[in-house]
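Chain nomenclature is as follows: A, B, C and D, assigned in order of appearance, with residue numbering initiated at 1 for each chain independently.
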Amino acid sequence: MYRRRVEFAETDAAGMVHFSMFFRYMEESEHAFWRAAGLNIWESGENLSWPRISATFDFKAPLKFQDEFEVHTEMGAVTRSTIQWNHTVKRGDVIAGAGSVTAVCVKKNADGSMKSAEIPGELISRLRRAPGA
Amino acid sequence: MYRRRVEFAETDAAGMVHFSMFFRYMEESEHAFWRAAGLNIWESGENLSWPRISATFDFKAPLKFQDEFEVHTEMGAVTRSTIQWNHTVKRGDVIAGAGSVTAVCVKKNADGSMKSAEIPGELISRLRRAPGA
Amino acid sequence: MYRRRVEFAETDAAGMVHFSMFFRYMEESEHAFWRAAGLNIWESGENLSWPRISATFDFKAPLKFQDEFEVHTEMGAVTRSTIQWNHTVKRGDVIAGAGSVTAVCVKKNADGSMKSAEIPGELISRLRRAPGA
Amino acid sequence: MYRRRVEFAETDAAGMVHFSMFFRYMEESEHAFWRAAGLNIWESGENLSWPRISATFDFKAPLKFQDEFEVHTEMGAVTRSTIQWNHTVKRGDVIAGAGSVTAVCVKKNADGSMKSAEIPGELISRLRRAPGA
């Protein structure tokens, strides 16, 4: 469970958090999930990288400047080369929204091109055993 | 049709546009669509505002620093108080991705609370007649 | 002292934190300083607001994704209506950079215009007594 | 001269452009300056890169959502390995603010480390001859 506070630069002229920020909040929480599993998404395996292939969010209640909120994150569907991350953003008992991001495991070639790759089994095991998972 | 270039601050350490930016690109293009219709989303009617209730994007190909791209935007489903905006992001003939954002028309009360409101008919008519619509 | 971690969206294609982010880090730390003083910059007095009038930063060493860093913040020169905030950003013992932001206390009029205002004396006293000040 | 419009995500809950955005506007205009000179800062020479070593901005008048503005950019002091870029941001005849960013030319080594490098003379000549320079 990832927790932090809304910063001023994250709000917009409507007085609430800009909707695009929730996609950053989901990513921040996913990266915290990796760390809780003792892993580092940035060094998750030789030349492996995790671009996002889809992202969706439903907005329920606004967050405002200095609101404290939590992102509850869990792994959803896992395929050979993709992980779906499901997130719920809460301010106290109020659900600010919920969404999902699917990332694909790719191997970067020397020429900079990327090709989808099989997710190492050990990595999935460790993510499944993460605290909070 | 909205066109611009990728700015450096929009890229991330993976060397491509951060995935959350595509949600900003969609919004920029929607706002340009309003302007093309001779409208201003920010002054679209007395105390009307347009918070987003859902957003989704599928990522197909990366955009990189200084890439020129276009966002093709059209109105999708329209209900009493919501408009769905559908967007395709292209770099030349390459589809970088496609997504959709649904906004709800709300009326702001004096106390700051918001209530969904019927979209003025004249406003929908003008959006439907927008150049490029 | 404000502490957090570099998030992925804050990096750029050069593989380090984008230089504009340091201005956000300074602001985040200033707002934390207000909170440590038991104050809320957003509700610091009737119709008072604190736009920035100047900001400067010198960059010494890059921060990278997931780096933990601290911002050390202290009040510098205080005038009738301005406060200068001085900040040093550190990663462990390494100074990533240092800068300063000057904010002016303004009173918002009913028509939306702003006029510089005298900073309430009690507010300065409480900021001077803040933990870490 | 670089011209664009304020986007919604660039505003904050005070109803104006967040102060950190002006540093991005300055960078966008600098990169446009390079392009106007027929150059590409991202491929300005073998393994050359241009991290920023200092940045400063004085804020004079707010920019708001959908305001059109211009950034007037010119080269200031040039040393063996640094270029100072001076910028003025204007909305019509109103000066929104002015600032300066100094970038250092560095050579990236194979191990990722960076060392300041002499700016190629031909590059400076072309920047000096840029339209608008």
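Keep in mind that, in the parts below, a residue touches a chain if its C-beta (ideal position, glycine included) is under 8 Å from a C-beta of that chain, and two chains touch if they have at least 3 such contacts.
What you see is a predicted model, and the numbers here were worked out from it, not measured in a lab.
Colleague: What is the chain whose Cα centroid lies farthest from the Cα centroid of chain A?
Modeller: D
Colleague: More C-beta pairs touching across which pair, A-C or C-D?
Modeller: C-D
Colleague: Just the number, please: Cα centre separation of chain A and chain D in whole Å.
Modeller: Centres of chain A and chain D (C-alpha means) sit 32 Å apart.
Colleague: Please work out the Cα centroid separation of chain A and chain C, and write it as a whole number of Å.
Modeller: Chain A and chain C have C-alpha centres separated by 28 Å.
Colleague: Return the distance between the CA-based centres of chain C and chain D, expressed in whole Å.
Modeller: So the centre of chain C lies 23 Å away from the centre of chain D.
Colleague: Among the residues of chain C, pick out those that touch two or more other chains and give their numbers.
Modeller: 8-9, 13, 15-16, 20, 24, 27, 42, 65
Colleague: For the complex, which residues does chain D have touching chain C?
Modeller: 13-16, 19-21, 23-24, 27, 42, 49, 51-59, 62, 101, 112
Colleague: Which chain C residues qualify as touching chain A in the complex?
Modeller: These residues of chain C touch chain A: 4, 7-9, 24, 27-28, 31, 35, 40, 42, 65-66.
Colleague: Report the residues of chain C in contact with chain B in the complex, numbered from low to high.
Modeller: Interface residues on the chain C side: 8-9, 11-13, 15-16, 18, 20, 64-65.
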